[in-house]
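Per-chain residue numbering starts at 1, and chain names A, B and C are given in the order in which the chains are listed.
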Amino acid sequence: MINVGLNHFLIVSGILFSLGLYAVVTRKNAVMVLMGIELILNAANINFIAFSKFGNLGLTGQVTALFVIVLAAAEAAIALAIVLNIYKTFNNVNVDEIDHLKD
Amino acid sequence: MLTEFGKIFVFILLAAIFVVVALFVAKLIRPKRPTKEKLSIYECGEDPVGSPWVKFNIRFYVIALIFLIFDVEVVLLFPWALSYKEYGVYGFLVGLIFLLILTLGMAYEFRKGDIQWARPEPKAINLKKLFTKESQIDNSSEIKE
Amino acid sequence: MNLYDLIFYLFAAVTLLSAAVVVSSKNIIYSAFSLVLTFFGVAGLYILLGADFIGVVQILVYVGGIMILLLFGVMLTNKITSVDIRTGTVNVLPSAIAIGVFMGLVTSIMIWTKWVSFPTETPLTTTNELGKLLITEYVLIFELLAILLLVALIGAASIARRDKE
């Protein structure tokens, strides 16, 4: 068995990204879609930090990962506020049933 | 030869093993004689009333939101606080501007009253009215309502 | 196979298995709590990669903040009368096939690409270095993040507070 290197971390991040994408695509509940987005952001962060360790750009990758975490927090705050408002209006958070803009 | 995180890892591992082993051994040796009384939900000895999934007030959400934003702010301040001294006044000003911008948000929350918990709405007492006779009658009629 | 590899495989297994539970569980509460486990696993991976500050921040912000907010979202959007915390799914089979193909593609790209890696020594504690980068090179982004957080705070609070008027 070869030693753990860059590839191993990238594979973990790829699988995590796919799982997050699956949650976003298949789930009806808006909160579950948000959880899928968090998984995707985490996968991207693993990539950033892995390249920061194995590349030669210094700590730039880690700083970017820090920015991504801050953005994820702001995104979750806003998105959940919108979800709560949707629940108040439609009494429902299933993303496939909230299509009133269509008619 | 452990790093500091290695110590934390060993600690977490031991804690997990302890919990799993204790629960597993307890499951092996305890007698299992369930009755309807034992299986019902414990609510201070009374019969449980209603569903436990109560929807709670949206004001909790606003408090959690404020917590999250300032949590992230503190996270960004940690690395700044460790190294601003090497850059003199410039480094200090960077953090000061950062803090001032976020203080605006704090002031907004105070102004809108999101932080106050039970929001009492005090009736403004008009002192001039209080000391004239006809308004006193008005006041008392208001109280009766 | 040394200790480092063993710990890596442990954390990777924790991360991926709990992420699979998040994706596949019907009960949204189970999903939320196994998402906590996923975040812990990812934090372990960060620390294995030498990013100690980011790992701690991951636990502090994700587990302490974002998870709390997501659980609030779950609790606040439940039906009161009936326990309706099961969530439906749509297009399971076609998206499972498509994403299976996508996952195979991504992992094979990750495996077959010849990554040029520079095994550099990362400093033992990165917090100080991150602070220097934040003050010098990324100072504009640092201040912009303050504005972003201000906007997020005001926007989300005013969206969520709509009930009085």
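Please note the rule applied: a residue touches a chain if its C-beta (ideal position, glycine included) is under 8 Å from a C-beta of that chain, and two chains touch if they have at least 3 such contacts.
Bear in mind the structure is a predicted one, so any value in this text is a computation, not a measurement.
Ranking A-B and A-C by contacting C-beta pairs places A-C first.
Centrality by C-alpha centroid: the chain sitting nearest the overall protein C-alpha mean is C.
Averaging C-alpha coordinates per chain places the centre of subunit B 22 Å away from that of subunit C.
Averaged C-alpha coordinates give centres for subunit A and subunit B that are 25 Å from one another. Between the Cα centres of subunit A and subunit C there is a gap of 6 Å. Multi-chain contact residues of subunit C (touching two or more other chains): 53, 57, 61, 65-66, 69, 72, 76, 130, 134, 145, 149, 152-153, 156-157, 160, 163.
In subunit B, the residues that touch at least two other chains are 58, 61, 65, 68-69, 71-72, 75-76.
Across the assembly, subunit A contributes residues 66, 69-70, 73-74, 76-77, 80-81, 84 that each touch 2 or more other chains.
Contact residues on subunit B toward subunit C in their complex (touch as defined above): 5, 9, 51, 53-56, 58, 60-62, 64-69, 71-73, 75-76, 78-84, 86-87, 90-91, 94, 97-98, 101-102, 104-105, 108-109, 112, 114. Looking at the complex, you find that subunit C touches subunit B at residues 7, 44, 47, 52-53, 55, 57, 60-61, 64-66, 68-69, 72, 75-76, 78, 80-83, 85, 127-128, 130-132, 134-136, 139, 142-143, 145-147, 149-150, 152-154, 156-158, 160-161, 163. Within the complex formed with subunit B, the subunit A residues making contact are 66, 69-70, 73-74, 76-77, 80-81, 84. By the touch criterion given at the top, residues 1-2, 4-5, 8-9, 12, 15-16, 19-20, 22-23, 28, 31-32, 35, 38-39, 42, 45-46, 49-51, 53-54, 57-58, 61-62, 65-66, 69-70, 72-74, 76-77, 87-92, 95-96, 99-100, 102-103, 106-107, 109-111, 115, 117-120, 122, 126, 129-130, 133-134, 138, 141, 145, 148-149, 152-153, 155-157, 159-160, 162-163 of subunit C touch subunit A in their complex. Every residue of subunit A that touches subunit C in the complex is listed here, in rising order: 1, 3-12, 14-23, 25-32, 34-36, 38-39, 42, 45-46, 49-50, 52-56, 59-60, 62-63, 65-67, 69-74, 76-78, 80-85, 87-88, 93-94, 96.
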